[in-house]
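Read from first to last, the chains carry the letters A, B, C and D; within each, the first residue is number 1.
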Amino acid sequence: MSLNQQVHTATIRVLYGDTDAGGIVYNGTYLRFFEFGRGELMRSLDLSYKNLEQLGFLLPVIESYVRYKSPAYYDDLLIIKTCLSEVTRKSCRFHCHIYRDETLIAKGFTKHACIIRSGSLTNLPDDYLSGMQALTE
Amino acid sequence: MSLNQQVHTATIRVLYGDTDAGGIVYNGTYLRFFEFGRGELMRSLDLSYKNLEQLGFLLPVIESYVRYKSPAYYDDLLIIKTCLSEVTRKSCRFHCHIYRDETLIAKGFTKHACIIRSGSLTNLPDDYLSGMQALTE
Amino acid sequence: MSLNQQVHTATIRVLYGDTDAGGIVYNGTYLRFFEFGRGELMRSLDLSYKNLEQLGFLLPVIESYVRYKSPAYYDDLLIIKTCLSEVTRKSCRFHCHIYRDETLIAKGFTKHACIIRSGSLTNLPDDYLSGMQALTE
Amino acid sequence: MSLNQQVHTATIRVLYGDTDAGGIVYNGTYLRFFEFGRGELMRSLDLSYKNLEQLGFLLPVIESYVRYKSPAYYDDLLIIKTCLSEVTRKSCRFHCHIYRDETLIAKGFTKHACIIRSGSLTNLPDDYLSGMQALTE
């Protein structure tokens, strides 16, 4: 991921409910942060996930990877940088880097399949496909 | 709540993911524990929530109360005692006490309305109503 | 709670991770939203919880109550209105109302005790006590 | 991972609080399930994580990977099979497969570093190292 203009930046405040008894953000919480990042990226393109869902499509996560580089703490204001690294007719992949100021906290990706409610794999709607592909070029 | 034979007992192990940076179980986690307790109570009556849902009914929480008496910690094996304290045609209330050994950790209740998917208030199915009312007598 | 200038307003976007299979925000998630609301209220007074914690104090929740009025959904932008309704030397209570536009989604409170790390009840630091009491007058 | 006798099996019931508005278990919840699986594996060896923590050691997750193969639903009784795939003086890796009956729901791993509270990398205590290495042979 190169940090060019196609990377979307969002910020999120760490709650007590995001942390664990180790005194740091719980490992599973980062997948929530990734979700927040890609949701805001899609919204910024006027291709919201909510709208996709209302059209009858879902983009379930089929793969996730997180590399935890440095702990994050309660009350940290985290910077979530998200980009679309891969888009095909039936799937896409978001990359995410999380920072506190200049410190890299975590990075990783989620891969998604495009399905309809019944669970069958399907093509992304054309406007989503073209809008998302434009971002990866 | 008197602890008679109509109280159902379940146990749950506290995960790191249930705790927060204060070193104790997060306040919101107890509503998960309450959910676990009432789910197991209903299953023990052969009136599972899953089955109710498949019949087209939902029992959303319309009120919750928790009194936190003593902290619970990572790895604690908690004892969840649940009973039905009130059942009407369209609502019910579960009471819950959580212990670690003899120590009372938290107690409280959740009140639920019976609705159909569209959100309209409706009557509990007859077998659920009679089975649940039998427990409160 | 009267909605005067002493009420702090924050907004939060509902994630998939906040919802459940009933298609609405999970009942336990509201205690996270309450936490977010009171954290932002305290920050707005320059009396952050993080700072209190660094001074060696904790404000664990000793009581919580939520009245769920109307469901909230994925992607809703919720408005969280929080005020301090009661402050004593050793405890405080926050009231919270959550709205989507004009619709009241949920309301309730959390009551907190002031303790030191070892668990003993203690007085709030003077600046916190006076700053918080000023808000309830 | 070959499913021999060195694989530990635990079961967990899916709560509403584990699911999302897509009607299935939320992607981030699987990292909780992984935590439950490895915690029970360690307990079965009399090498509990709680005890390690009391000795002053932590095993934070430094890497996680999940491959979501098939959705899991509310009330599913999931079977969590966990093994230790790699143990060095300062790190270890757990592999996890989650099933509902014969259906593979998800698989993946978490990698952990051994640190002391201050955050410095350190060696696993000897009894943990030998007990854990015995499992990978």
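Just so we're on the same page, a contact is a pair of C-beta atoms (placed from the backbone, for glycine too) under 8 Å apart; a residue touches a chain by one contact, two chains touch by 3 or more.
Quantities reported herein were computed from a predicted structural model and do not represent experimental measurements.
Chain pair with the larger contact count among A-D and A-C is A-D, by C-beta pairs in contact. Note on B-C: across the candidates A-B, C-D or A-D, the interface recurring with over half of the contact pairs conserved by residue number is A-D. Note: centroid distance chain C to chain D, computed from Cα atoms, is 33 Å.
Note on chain placement: the centre of chain A and the centre of chain C lie 27 Å apart, centres being C-alpha means. Chain A and chain D have CA centres that are 24 Å apart. The residues of chain A that reach two or more other chains are 16-17, 22, 24, 28, 31-32, 35, 74, listed in rising order.
The residues of chain B lying in touch with chain A in their complex are 16-17, 19-24, 26, 28, 73-74. Note for the complex: chain B touches chain C at residues 22, 24, 27-32, 35, 58, 60-68, 71, 110, 119.
Residues 13, 15-17, 31-32, 35-36, 39-40, 48-50, 53, 74-75 of chain D are the ones that touch chain B when the two sit in their complex.
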